[in-house]
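Take a look at the structures below.
Same chain, two partners: chain A is paired with chain B first, then with chain C.
Moving on to the complex of A and B:
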């Protein structure tokens, strides 16, 4: 049963601040995704938790004990690397049992634990093979087993499925989620894939430019983004600059409530929150492109003032390219100075 | 044109492409080598004809001086090889896992001997470590007056051969080490391995192939060396290189020189076989 707390953790590489002082608390048994674009600092933060980078400042508390200056070999953490990082000269059993051997366990005990770990990841028959004889997915399972067999307090996963194809990635993601829940192990999972984060995480910490922009459940992050970056990074979003006058803003023929002082603002609308109603030619927005994704249609429509609407609708809604439609918006967020100042949410 | 005909035509082109080097090797290397080896076993009889005899080999293996020379050659080869790996492996490790200007300077210094001809190295070492050389003068300056020069001792060729072999050894070891990913080192640390354990259990097994190549190539280069032992080493016993040279040109005994060469060749071919096996096995391992 382990918790992880980061207190004012920062990292400086020369003159460049890779991480601004940040704080994060991960509860026992929780799976938290660090999500962000390349260079956002998520891998640096994970490496700091794992001990592969020393923070410039701050504390890394595991069950209340500060391990910020403890080397990785002495931390109660285990990391699954993106590149598997298996040792090619050892068999699968050798890879998994290496850490146990270092801990001075006796051979029968090592064999039993290795066997259990292999069963857990579904590779019971593969112990005698070498990593070169395994597929990419199998190698990553071995890497996961190598970590789990040590029974770490915190499991760290650095984009573990990035090198796998989509189908395998989806399957392994589910398997990892099941194993994590079964063992109840506190896990930090780094990814730049929002789908991955949304589907696997208990909570997501969205990172940008070395800062944590927002921490929340996938639903919170998706429906209540706190900053324009989170709003734009997670899922599709219509992000439109506008000028508020008299408590409202007008974009593409749609009036948005914005009870705030007059001035510049940014309005965010999810494509699925836009509905297109047929209108007369020349009125509303003209549909310039429809992409059929099977269950849904993704539509681009351009209003007379140049505003472009991204719309997502069910496939049986009758919309035609070149047709004119009047957009209506059920939900929107108004940002000013990178903060939410107004939100219209019918739910 | 059918696929079979095209394949045949490409096959002939391939053979034509390698025909000239293969012929050159056969004519200028294998043929004279075979003649020499056969010449040590088959001798012309008085009055015509040939007779098979192992007399020259019997002489070599019963002659104390020849055996001492062979033992000295083996000793020099093994000691040089061990020291060479012991010296270059830490440098290679440092250069692989350290970035920065110091690593670049060390790399330049370590590779420098590659661009210096062997004879220049010999004279430079004699001037430096020989009797009344710079090293002795420098040590005298700091009050050390008991310097014993390794020049013309068994350690003379060892030092020269180490100098000579260091760049290639270093390049091969760095190449081997570059195949070890940082992640696999970090993964070892992550499961609890310290530096020594990582070196012994992760790095060394991963560069076995490179170590084998380094050992085989240096064995071949050192065992047959003539220049360094001739310039820097003792004359009794001496290494096989100068021994063969002297037997051939001063003693004027081509049969015994050929016998010495054949024995040298057979011992070196063991290292050659190890090298070829290592090269041949690697791609199979990679395909697994």
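Moving on to the complex of A and C:
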């Protein structure tokens, strides 16, 4: 149905660059998450796609047509806001039907479409209520229905579940994913929660300081981060500064392969890629703390040189606080100058 | 400990209640009683003779009816004009940026901080040279000035309180700037604006200083007539009957407002 392409899109607020010129292509029916900390420019980018901000430069192409200068009411996009932004003086039906009314549709036609949209989000019985009579999750569902009823080419979601509790957020996220798949609607979803991005997205665009650091599938982003920022932002990571000498680095009693010129480097290791083998007292790393997460244990172990290992193991691995263990590492990434220089990955 | 504090709270609450009864309910009640009393001598707690004699006397006077009509006309005109002038201004203050915005906002406050009587006298002098003294137009203008503060500050706050995301959501589903205002911003701000309109109406209805200084002797409003009657004739019943009559329009306005916008939103509009 619809594709979205951003070409050299940039945004300047006064002298501050909110977005460096960036490019992103989103395929038809794809769900892409813009993921980043606050201030990374992800919401600004979404607002540019929706038409609420004019980009300082660049093109926003929807199905090949540039809409960068088109006001929001004339764009084939629909946005779900963080605060749901339902109109409190209208009923649920009124909210969903408002856009159709503006388009001059006849009443029976509006009623049928509103009804279908309400069914889609599982609120068929709630049409006559006012937003104030709904729960937080129901309101956000109405906001989604209000967008979908207009059959937009691009659906935009700006941290739609940020104000909901964890349980509800998980459920709504799944529902949104199912609806999005069913309708095949091209979607851009802004979030600062990596769990949310990893669980819902076809692809994730990780943003930092107005730039897109990396675009890839959740698996790619997780296992093959291209920059130290992505490595540190997604999931737990041991990020350790070190000095490479003779093609190797030594941290916390572990020797890392690093075939590169001598000098500073950054080594990244996932906690689940560290294994602890029992060793004699005083040798290896001492376990400072164990946190039991049910299925897994998260362990912190301090080596003799002061390096602290974050380790994640299955719960039946015998480890005790205060005990000494020798860490071994199965995968690692070596960064220098914010780029991947070497990667060890046996799989 | 808890027991003690709730007891003390009750005592405080009853204190306030007694205060309100003594200073508000009692005088209002007395006025009502006087309005229907034909005879009421000192030691009697209630009037010794009841009746509508003074009502027929008051209602038979043509000056009462003309003052009543003048007051209603004046209040409606002032409220309507004030809305036409102030509401767009309030929207501009709330949503647009222009040089001197805060100076303008403050100027409405400053004018009200000034002793009103002196301000009105100087305006009356100005009106004298413009031939506006003693005219309906003159009184409308002076009362319009009185309403500016209320009719700009309250609606400005109301417009400002409308969430941007709500307006953006309306743009998003296809509303033009005007449609956003018509279908989202205005209805959202409406309870507060209605409260401001109502207060403007009631204030104008009961305003005396401007009406007297600029309107006298030709323009005579209800409150002015009442003052005149109380000053000239020592018949308490005249004043009492007029008071009850004066109470009717404001009561009607408030009841109407409650019907239209509902008690909750109305209280919210007044900051309750």
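Please note the rule applied: the second predicted complex is superposed on the first by the 347 of 347 C-alpha atoms of A that agree within 3 Å, B and C clash if a C-alpha of one lies under 4 Å from a C-alpha of the other, contacts with A are read in each partner's own complex, and residues count from 1 in each chain.
We take it that contacts are C-beta pairs under 8 Å (C-beta built on N, C-alpha and C of every residue); 3 or more make two chains touch, one makes a residue touch a chain.
Since the model is a prediction, treat every value here as computed from it, not as a measurement.
Considered on the superposed chain A, chain B and chain C are sterically incompatible, since they clash. In the superposition on chain A, A:52 contacts both chain B and chain C. When the two complexes are overlaid on their common chain A, residue A:78 makes contact with chain B and with chain C alike.
In the superposed pair of complexes, A:289 makes contact with neither chain B nor chain C. In the superposed model, A:255 lies in contact with neither chain B nor chain C.
With both structures placed on the common chain, the touch criterion links A:241 to neither chain B nor chain C.
When both complexes are overlaid on chain A, the residue A:130 reaches chain B alone and has no touch with chain C.
In the superposition on the C-alpha atoms of chain A, the part of chain A touched by chain B in one complex and by chain C in the other spans residues 50-52, 71-74, 77-79, 81-83, 85-89, 98-99, 102-103, 143, 146-147, 150. Note for the complex: chain C touches chain A at residues 163, 165-166, 168-176, 179, 183-184, 187-188, 190.
Across the interface of their complex, chain A is touched by residues 181, 183-184, 186-194, 197, 201-202, 205-206, 208, 285-286, 288 of chain B.
Contact residues of chain A toward chain C in the complex are 50-52, 71-74, 77-79, 81-83, 85-89, 98-99, 102-103, 143, 146-147, 150. Of all the residues in chain A, the ones that touch chain B in their complex are 50-52, 71-74, 77-79, 81-90, 98-99, 102-103, 130, 132-133, 143, 146-147, 150.
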